[in-house]
Amino acid sequence: MRTPVADYLQEVVDSLADEHSGVMADYIPELAATDPNQFGVSMVTIDGCSYGAGDCETEFTIQSISKPFTYGLAIEQHGLDAVLEKIDVEPSGDAFNEISLEEETGRPRNPMINAGAIAAHALIDGSSPDVRAETIRTFYSRLANRELGFDEVVYNSEVGTAFRNKAIAYMLRTVGVLEDDPIGIVDGYTRQCSIGVTARNLAHMAATLANGGVEPVTGERMLDPATVRQVLSVMATSGMYDAAGDWLTTIGIPAKSGVAGGLIGILPGQVGIAVFSPRLDGHGNSVRGVKLFERLSRDMGLHLMEAAPASRSVVRQGYRPDGHREVQVLEFLGEIRFVEAESILRQMSAVPEGSDVIVLDLHRVHALNDVGRRMVLEGVRRLHLDGHPIRLIDPESVLADPDAGDGYVPSVHADLAAALG
Amino acid sequence: MRTPVADYLQEVVDSLADEHSGVMADYIPELAATDPNQFGVSMVTIDGCSYGAGDCETEFTIQSISKPFTYGLAIEQHGLDAVLEKIDVEPSGDAFNEISLEEETGRPRNPMINAGAIAAHALIDGSSPDVRAETIRTFYSRLANRELGFDEVVYNSEVGTAFRNKAIAYMLRTVGVLEDDPIGIVDGYTRQCSIGVTARNLAHMAATLANGGVEPVTGERMLDPATVRQVLSVMATSGMYDAAGDWLTTIGIPAKSGVAGGLIGILPGQVGIAVFSPRLDGHGNSVRGVKLFERLSRDMGLHLMEAAPASRSVVRQGYRPDGHREVQVLEFLGEIRFVEAESILRQMSAVPEGSDVIVLDLHRVHALNDVGRRMVLEGVRRLHLDGHPIRLIDPESVLADPDAGDGYVPSVHADLAAALG
Amino acid sequence: MRTPVADYLQEVVDSLADEHSGVMADYIPELAATDPNQFGVSMVTIDGCSYGAGDCETEFTIQSISKPFTYGLAIEQHGLDAVLEKIDVEPSGDAFNEISLEEETGRPRNPMINAGAIAAHALIDGSSPDVRAETIRTFYSRLANRELGFDEVVYNSEVGTAFRNKAIAYMLRTVGVLEDDPIGIVDGYTRQCSIGVTARNLAHMAATLANGGVEPVTGERMLDPATVRQVLSVMATSGMYDAAGDWLTTIGIPAKSGVAGGLIGILPGQVGIAVFSPRLDGHGNSVRGVKLFERLSRDMGLHLMEAAPASRSVVRQGYRPDGHREVQVLEFLGEIRFVEAESILRQMSAVPEGSDVIVLDLHRVHALNDVGRRMVLEGVRRLHLDGHPIRLIDPESVLADPDAGDGYVPSVHADLAAALG
Amino acid sequence: MRTPVADYLQEVVDSLADEHSGVMADYIPELAATDPNQFGVSMVTIDGCSYGAGDCETEFTIQSISKPFTYGLAIEQHGLDAVLEKIDVEPSGDAFNEISLEEETGRPRNPMINAGAIAAHALIDGSSPDVRAETIRTFYSRLANRELGFDEVVYNSEVGTAFRNKAIAYMLRTVGVLEDDPIGIVDGYTRQCSIGVTARNLAHMAATLANGGVEPVTGERMLDPATVRQVLSVMATSGMYDAAGDWLTTIGIPAKSGVAGGLIGILPGQVGIAVFSPRLDGHGNSVRGVKLFERLSRDMGLHLMEAAPASRSVVRQGYRPDGHREVQVLEFLGEIRFVEAESILRQMSAVPEGSDVIVLDLHRVHALNDVGRRMVLEGVRRLHLDGHPIRLIDPESVLADPDAGDGYVPSVHADLAAALG
């Protein structure tokens, strides 16, 4: 069979073919020369599987979509505190090209507006604008798992008219956020913006963020998980300029748009998505891109705030196996995070003190995160303190190295028969 | 055993006992009379289990924490579109008492600043300020599963000095966002703010939001899931005033603070949390409240942007059971949402056309959401079109009513033996 | 003969009869009911002579033209410093209904915007809104030398929709600029704005300002000269809202407009002018009013910055009268202020030391101000110290009581013959 | 005798010697190296007489005091309309270095803030920044009647740190107010600001403005009177940055300050004044400069809004000379402008129709402006139409060429005897 995911993406692309509203960006002369009807989408899962439909292999310039990635790189190179000294993280509600500096500190309001993005670019290590731009190009290439290049034509078209960015850079120099030559920094930033990508490349880069900073195919860690969390949070509040609130309520995933028509979205722990379609709405976001994300969010339940309360029954009612009245079995299932662990502990706390053997059946648990693991082990410790011997059914060692912390280590078994044996 | 969750909360409360920075709100005379050292926390799970530590039964006024709940009620009563006509959802980056009206429409920037909250209050059905306030009190009481009352002392103290809110209300009247008497509306809004709650009550109300709008104990649906999504999204970008970006990056959960020292946070699908401690920082947020949430977020991994990529192995390698070479078994586990279903479909699409029997083993799947269910059934349909008979192992009917959509219904079995039999 | 001044005004009115652009103010329902074609003008000289053309006897409400007069009264009652504590004097460049409070102090930017005008109104002594409004009505009546009344119909129409002013008043209450009930203050302010006037009344009030605060007909001092200077200065920079700069460059006289179509201008020391025509431009100023003032300023050379360098020859070359070689006559003429006195002193300093008699011929001087008088007397003192006897020709005693300050008093004579005699 | 004007200036300088508050500008490194105690003042009358006290011959850089002069030159070169298309004239209430562009047009709010001054500089004809700067230097030199030069040290110090001005210039380039290379324009503007002047030079330049655009010593017309009126009006509302309103109310004359400590004021038709003292207040204005002007304004009655109502008695009661009952004499005196002419016409209109001879005695009139002249002649025409023969006593031909406009020319006589003869 052919997977319906690709078919679904194609169907969504087709359904928006007649959407011709919006206008091309005109302030970068070369961008205006693009075919306005181009439309491509790509989705890459956190295990690296890549889907695409439409013009998903067409190259365009990354433009503002570069902002979150360079911000992430700046944090990796200098640490979050150093970056926060230069760039705040508050949503500004402003258009992308507003200067929006904080009154007291002069810091740009956030790294998603041009002022903040230029400041982030300037933080990248490098002895010259060219070196910095090359460092960034190399970084993006590794995020995309493909060698990306500069679009020299767009770069040349843009650098000649980058008056506003130069104004912003000089203002940042005035307040001390920038320390080098503003013209050189804008030059490097314009190079960053002119890196050529396809929707598929962008979706791959987005998937690296969705995957907590690990490139899905190579497995290489590109960004620290805390950095990714920072980047995604900022995208959530500020990635869509003055439509950020509308986007977060309606679509509900961290996203970033670019003036060349690109638009990425990241669902943490799940997928990276990228669209390309050059016509822009009044906020500077791709018209078809926004509509496609609306459709995806609705169809696929991607909204971050979508509660999933149905998944709670992680604890099966405890029971006493036939012929083993001195044994009480508690069975868990699914993935154990804080909230599931809390439920498990509650079940454990219902066990009266005594010497009954407690069997914790984890064979249907497929994952625990750190918090879940620590909480379950604390339950083990407490049950043991209450007098209970503990046995684990954990054929796949999801609770590897089950030390309760006070030296007590329960026995581990492959199945109930073994645990009772 | 005693569950360590309560112990943990107590430990966190104790660890912050020496935190005495911040100042009491002074613009409401009565609030300044509170004991500044009070400190309580409560956490309520989406199945209604309630934890508490410190002064979690002390009553204080809800103040601005009422904003998201009344906003939600307004959406329930009038629909989202009607509410959006009056109140935008863009983060303003402003302090809570800034007027922050949109230049063109006069709409308040969002419902978390006073202007938007007053506009939301005015939307509540009711023939008079008292009726409206009573409707709201009743609604909150049902969210909290406890009869809440007005704090008349605070109300009287506040209504006499509510000059700024009256200014805001008259400005809203000027631009047509309000249509009734501004003084009456501010009176009702002040009543709303004076509803008495404890940290435990607030955590319960928050848990109703975390639970997708269903009150955890009564099971009563109080808000539509889409409304909850809207409310939580707005809290995420605008709930913490001009510290919203800092909060979202650092803590990473939708939250709302009140000037009386309350602070709630919601982790969708998991828990509602509430803190009470009256000393406020420069943004008007409870100092200890913010620190407690920082600790909780870090300890418990609550950040919304926390990717959990470890939980992906939802599909076990397919295998052919001994003695059944014509049968291919695909085993799934955990919870099936879009991203897991995508993985399943990929596995399915690796099955070549032919007449092999395909057994889908779901006995370790504990939940599917709508999207996951539809995607798995589409896979069933396509595999069947390729010529394969399909058998399901689904002892607990997690894929209830497994109609592939084209009339084909696979057989359902309790275990592998039955499926092969 | 008939004076051509009235004819001239009539001609200007006629020339603008076809000007129908602009729109009626619509936010005060009753104002919209006025005949939009009404057009009147009046000019009153500082000696009380009144000219009029067109609908100069038609009554309309004073509206914002009340602002400078009430501001002046507030200064009279409390002193400038007390008023400056509540209301700044900086041009805001804002529209009339902007709140425009200073960030740090909360003071309205100036008394010509509504916020400042409401604050000025609230400063007027009075135990109630009605008493305050009555005090103001009486004050205006004396400025106009005619009993003015409240237009109850407009008042009632306006007070019901004064939402923005109430918003402003509550905001002022919040920051402590107002201390009384904001609603009562806006009520009183609305009464102030509803005082009925004609163009002729307004021109008379304006003439009182032009006359340094002395009502031209009764001779009653209504405002201190320093107060008038303050009022006129503020009108110059802020009287025409966000068109203030355009007005000052083009017309060049302190002015104030009102939403009912009134517009006054004051040429210090010369005339007060008032126009009435209800259609307003985008800044809220009467269209015909502005055009009429443009014409008057151009035709009559009224611009404050109009240098008049031709009037400088105040000193006639000194000469020695026939038969009196020991006598040197210095003849002055015109009005002696600082700049003319400087010229006189220069002439005096050219007189070499010695015992020559110096005759200062003032018979063609018609006025000296304080500075001029002091400077001329200082010259007398110094010439006398140099050894010269001094004689004055001053038949009309323009230099009354010519004490040089050191005890020396020159002799005074009716004409040259007497001085030489 | 020695004129007391110089003594007075010296006394004022001495009285402020102990004023040491304020701080040196530090953003231009070289400026900070100046002796902070320097203090000089100069005053130049419109007939070119120059006074000075203190360090009035010390050279410093003109800085922002160049703004009004270059604005004037731009108007001369391109006409007012063309300049208004690029630079508005509204007071901004902002600090000098705020960008303050109009939202719709992008025009700087006025030519006294840096944005407007840079735009005005860019309008000066010239093929390169150096040519433009040289044109300006030459123009200023002619205004000052002395060859001025560039201070290369300050220029070099300033051009290296002119980040904010470069930011502003790029922003102006973005909105199309500038069309050339922003860096070059800022370079030229910085050269303009680095022109070296003394207080005496500046007072001379100011006197040229006071004299309606005619350099007082050479008599050369440097600026059109209408241009001067425009420049002075803009200085009045915007010359003192965010203290403009305070300045106009307190001091009451058009003024401009510079960061090097200079400060000029212009009293139209009277004098130009300049002060130099480097310590600046929070608005960027020279502390001693402001205090000196306060003293001068108070002592010398220089306030523009100072009404001088005492000077009105321009018409002496008409009389019939002994033995000439058929003759009526009207005697005028002083300077005849609109307001005096109005009074004369009123007197004339009191003359009944008939054939009485009317003698207009102008021998004590020392000046008429255009308006006064036209009005008096119109009175002559009308009296003649009423049947009166008219005779003028005008020994000095102040009413030269007294044609009534309808062909009638009254006879002119040296004195009353001649007129009656």
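For reference, chains read A, B, C and D in written order, and residue numbers begin at 1 within each chain.
The working rule: a contact is a pair of C-beta atoms (placed from the backbone, for glycine too) under 8 Å apart; a residue touches a chain by one contact, two chains touch by 3 or more.
What you are looking at is a predicted structure, and each value in this text was computed from that prediction instead of being measured.
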Fewest hops from chain A to chain D - one hop per pair of touching chains: 1
Chain whose Cα centroid lies at the greatest distance from that of chain D: B
Where chain B and chain C are represented by their mean Cα positions, the distance between them in whole Å: 64
Euclidean distance of C-alpha centroids - chain A vs chain B, Å: 20
Approximate Å spacing (C-alpha centroids) for the pair chain A, chain C: 67
Interface hub residues of chain D, defined as touching at least two other chains: none
Chain contact graph, described as a line, ring, star, complete graph or other shape: ring
Chain pairs that touch, as defined at the top of this document: A-B, A-D, B-C, C-D
Contacting residues of chain B [partner chain A, same complex]: 1-5, 45-47, 49, 88-93, 109-110, 210-212, 214, 225, 228-230, 232-234, 236-238, 242-246, 248-249, 252, 254, 267-271, 299-314, 333-335, 337-339, 342-343, 345-346, 348-349, 351, 353, 364, 366-367, 369-371, 375, 378-379, 382-383, 385-386
Contact set on chain C toward chain B in their complex: 163-164, 166-171, 173-174, 182-183
